[in-house]
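Okay, so chain A shows up in both of these, paired with chain B first and chain C after.
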Partner chain A sequence: MEYTSPLEKTLRAIALTLVVIFFMFPILWIFLMSFQTNETILRVPPSVVFEPTLTNYQALITGKLETSAASLEINFMRNLFNSVFLSVASVAVAMLLGVPAAYAFARHKFRGSEDIAFTLLSFRFAPPLLVLLPLALYFQQIGLADTYIGLIWVYQLICLPLILWIVRGYFEDISPDIEYAYRIAGHSWFATFRKIALPLAGPGIAAAGLLAFIFAWNNFIFALVLASADKQPVTVGALAFITASGIQYGQIAAGIVLSIAPTLALALYAQKYLVEGLSLGAVKG
Partner chain B sequence: MASLELKNIAKRYKGETVLDDVSLSVAEGETLVLFGPSGAGKTVLLRLVAGVIEPDQGQVLIGGEDMTDTEAEDRGIGMAFQNFALFPHMSAFENIASPLEAQRATPGAIRAGVEAVARLLKIDHVLGHAPRELSNGQKQRTALARALAGAPPILLLDDPLRNVDAKLRFEMRLELPRLLAEQNATVIYVTQDYKEAMALGDRIAVMSNGRIEQIGTPADIYLDPANIDIASLFGDPIINLLEVTPAAGSKGLAAQISGVPVRLGNRDPAIAGQEMVMGIRPEAIGFVSAKSKAAIPVDVEAETPLNEKTVTLAKTAGGREILISRPAGTPGPASGKAYISIDGEAALLFAKSDGTRAGKGGQDLETEGEAA
Partner chain C sequence: MTMATTPGRAPRRFRISKRALPYVLSLPALLVCIGILIPFFTAVFYSLQRYRLSQPWARKMNWGENYLNFFSDPSFWNTLKVSLLYAGLTVVLELLLGLAIALLLQKRSTINNFVSIMLLMPLMTAPALAALMWKLMTNPGFGILSYFLTLVGIDDFRWGASSSSALFTVILVDIWVYTPFMMILLLAGLRSLPKQPFEAAALDGVPRIQQFWRITLPMLTPYILTATLFRLLESIQQFDIIYAMTQGGPGDTLTVFQVEAYLNFFQSTNVGRSAALLMILWAITFFISNIFIKNWLRLRERARGEA
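After this line comes the complex of A and B, so read on.
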């Protein structure tokens, strides 16, 4: 153990605090903004002292946006539901397809396996718009434009490669001997996959799922091009706050708070699954 | 119990031959030790039998039945891995229970089976522990218990004592023969330790470079090795190897060591005049007085007292180093000049060119006749 002087400790604490403030400040500020009206938000100089109000949240939840000019209908709760539904369904589909595929790529070196795995990864290389414009035309022809199924399908471009490549690494880290031992004990390959490979890669699968969820949740361009208002997630729906009578900063802030809440909650919940070390001591290294 | 037979097995990895035309048969209930240096192909051979590696060619027969294309789970095999390969997310109990679960035993039968084998291996007090909470010795016993639990007709043990400390290895070496005999199983045991091989094997198969060099009882391998490599792998201290050129004399063949003729006894006369390597076990050399017949003068360089024996390193006038082993407590010179005598009839002769046995002694020829 290295010795650290009190001075070093203090400096380190200050540096850490600065970093945390740097990253957390925008979120804190948005959180404060969400309880203010447009007038208090836009005053100069800005101040942290204000009379909190719940009107922003009220407007989002009831779907009625009161501006100085008129009363507008907004669909924020619908967007929030779309976000949850699209992300959950996309990650579920990607898991169902990606985890067994990752296992196959990790354990069975068949002809062209590396090429296929790389092709899947390469979906992430192309700028999304390049893919989306022709895809929008095709989708219109085959009737998938503006459907949940169509969107979930396209979302696989984000989720599937991510899950495949992360989980593959975790499967490769499991000693094949552990799986052999289970096979030799008399279990089928499928039982081995279920009882040995899946639990041991559990933390990796959780991490990959969480990342895929966050990527899917934050996606903007796919739904913007391929879906209409009633299928759009919050990322696209937030555009509605830029109204003819001005930008509704208060509602935007409240919308952001509501839309980061699920991912934040999920990340905190999944944290315990992300802890590694499950395989420590199993195999003498 | 089932017999096991391998026919002309070959396996290559990326153009490199790991197993080269290996044929082997193990009788029902026999314990065969696969012995050889690392990289000899022992582990690959074992995994081929287990069914987790497929051979490029050849057949695996278990109980007379061709199992070459049978999945690992249907072969009826128990295996202990060198690295233990315990299931890290299961307790020791669940680990040991896994073969019984696969046999669809009732929960009661599983519990009884696990507890019985755990008692046998003295790990019944740690059954609730996860593998990471076990000591190395307990892990090794858990792995062994898992291999035994399903009462498999064939048991494959891949150097199970490799990763445990010396004390435990010694204990297990004493315990294992009884344990294996109780199992009533056909056993293949892989090891790199010649003492383990001698203690456990009904027969020993010596492997090197993907081939089986010699198969025989421990005594066969020790007393009648097929080549220099095998002779040097077995025995501690290592066998003395002296380059000699035997010459025919009035009293049969003899080799000159420091100008003293060492009589080689009744051997194939064709080896006279050829360059040979003479292998003499350190215990076949003794200290004698200067006046004895055929006494070879040496300088004693060092003496190493071991527990049950004393090993002396001596140098002949020609600068050849010779190891001499004698039972502890018997007198012998610790330094300075001394004389030794070599039992030439017990010496093993190898051709210098390729290291194979040549010019077998009369006694050896007899045993050869019996074996055939």
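After this line comes the complex of A and C, so read on.
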């Protein structure tokens, strides 16, 4: 082992501590805030000693928020439901469309396949508003404005390229020989796809789905442009929240905690897969 | 080749010819994409029009006028300047910070693995919500960060609310969210480097700082390039953090491309200008994404070859 001086060790420890504080403090602070009333939040100097209360969460769940002026009705649970529904449905649709396409791109180098795959990938990088603004006008004409179906379709902009590119990489990693052997034994391509390719690429498909879910959940701009209050996910709903005047700060914090908890929990649960997925498989560590 | 045309082996009922199979499989995905291409071309069309939602009667083609107007339009130059400044500063700072943290965490140990998992959390936080979190922390009345500043004697720092510190504030949030992304990619890169050159250098007594400049950095360059280009692509289009934090304000301090286009569309209902702005942003991202994709594919091939 190489020798590290005590000075270097100390400096490293200090640097690491600063890094952890900078990146963890905001989450910790908002978490603490969500258990406080305005009284303890507004104390000077601020303190971490307080009587924790669940009233903020209660108010959010019942949908009746006490403000200094009056009782305000904000249906945050509806936003939370929208987030769950939109993310799950979008990922399901993207899987249904994306996994077969990924298989086709991986196994059959057909004419134009690379061009199509690149076009799909470039959507990942195009400015979302470029598509959203004309779409907002179209949706009004064809009656898709402010519907779940319209939103789920637009969410394919994020989910589909992600699934397609990650899953394609996993299919390419499976040796085609296994599939040939199975087909020579007299099975159809569909049976081969279902019994051989799908299970082998299973972990990759799960990872891609997970990542697509997180991206869909965290999306803000799509619903901001296309959805009205009762279809909005938490990312947009929470913004309406903070601009409402006289709201208890603890309730905003509680709303944020409820909104970020699902993605953080998923990330911790599946952190192994995330690294690869985040780089679209660019770095296989 | 003839599997699909020789009957007998597999059940006959429903067979797709082998030639058509890949097209059939990818067709649904393609259809969804065509649905996305239509609004794209509509946007091109809008950008060539005089089109205000508030004056539908005055709508007509004006060809390149929206674009030509940009030359003499100070608010366009402001948009361009703020966007480039935001993208440049966030990417450079995140690269330096991410590289430093990756180097700190390079050695595999329980504590290092724990810290790198912790750092996933800001990255998994929705950027719009991250902006709200920082908004709560920088509130002049009760924000903890404002309080910390008063401790060191700064009483009137107004974070996102003042035009002199708004850019700093949103960049801070961006750094909080996206530095872990840089760190994760560079850490994966660092850990995949071959060991021999370092062992040889250590034997020859090359100082560690020299090892970093002469070996680590050159070998890490493809990873740095990929991560930087990727972040640049996203950062030049940043909307969530800026919109959630200040709505582009105060004034026009933070009207980056997408925020300006959004405000043009919904507030001044100037569809033509909004579309033209987005077309220019698209041209910039298209240029960067082409370099990125080429670079990324090369890295991917290499990673696959070594795996």
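Here is the rule we use: the second predicted complex is superposed on the first by the 234 of 285 C-alpha atoms of A that agree within 3 Å, B and C clash if a C-alpha of one lies under 4 Å from a C-alpha of the other, contacts with A are read in each partner's own complex, and residues count from 1 in each chain.
The working rule: a contact is a pair of C-beta atoms (placed from the backbone, for glycine too) under 8 Å apart; a residue touches a chain by one contact, two chains touch by 3 or more.
Being a predicted model, the structure only gives us computed values, none of them experimental.
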| item | value |
| --- | --- |
| Which superposed partner A:Ser175 touches (first chain B, second chain C, both, neither) | first |
| Chain touching more of chain A, residue-wise (chain B, chain C) | C |
| First (chain B), second (chain C), both or neither touched by A:Arg183 | both |
| Which of chain B and chain C A:Ala104 touches, first, second, both or neither | second |
| First (chain B), second (chain C), both or neither touched by A:Gln156 | second |
| First (chain B), second (chain C), both or neither touched by A:Pro199 | first |
| Set intersection of chain A contacts, chain C complex versus chain B complex | 183, 186-189, 278-284 |
| Touch list for chain B against partner chain A, complex | 47, 50-52, 71-75, 77-79, 81, 83-89, 98-99, 101-103, 130-134, 136, 139, 146, 150, 163 |
| Touching residues (chain side chain C, partner chain A) in the complex | 3, 9-11, 15, 18, 21-23, 25-26, 28-30, 32-33, 35-36, 38-40, 42-43, 46, 100-101, 104-105, 111, 115, 117-130, 132-137, 139, 141-142, 144, 147, 176, 179-181, 184-185, 187-189, 191-192, 202, 223, 226, 230, 233, 237, 239-240, 243-244, 257-258, 261-262, 265, 271, 274-275, 278-279, 281-282, 285-286, 288-289, 292-293, 296, 299-300, 303-304, 307 |
| Touch list for chain A against partner chain C, complex | 2, 12, 15-16, 19-20, 22-24, 26-27, 29-30, 33, 41-42, 44-46, 96-98, 100-101, 103-105, 107-108, 110, 113, 116, 118-123, 125-135, 137-138, 153, 156-157, 160, 164, 169, 173, 183, 186-189, 214, 217-221, 224-225, 234-236, 238-239, 242, 249, 252-253, 256, 259-260, 263-264, 266-268, 271, 274-275, 278-285 |
| Contacting residues of chain A [partner chain B, same complex] | 175, 177-178, 180-189, 196, 199-200, 278-284 |
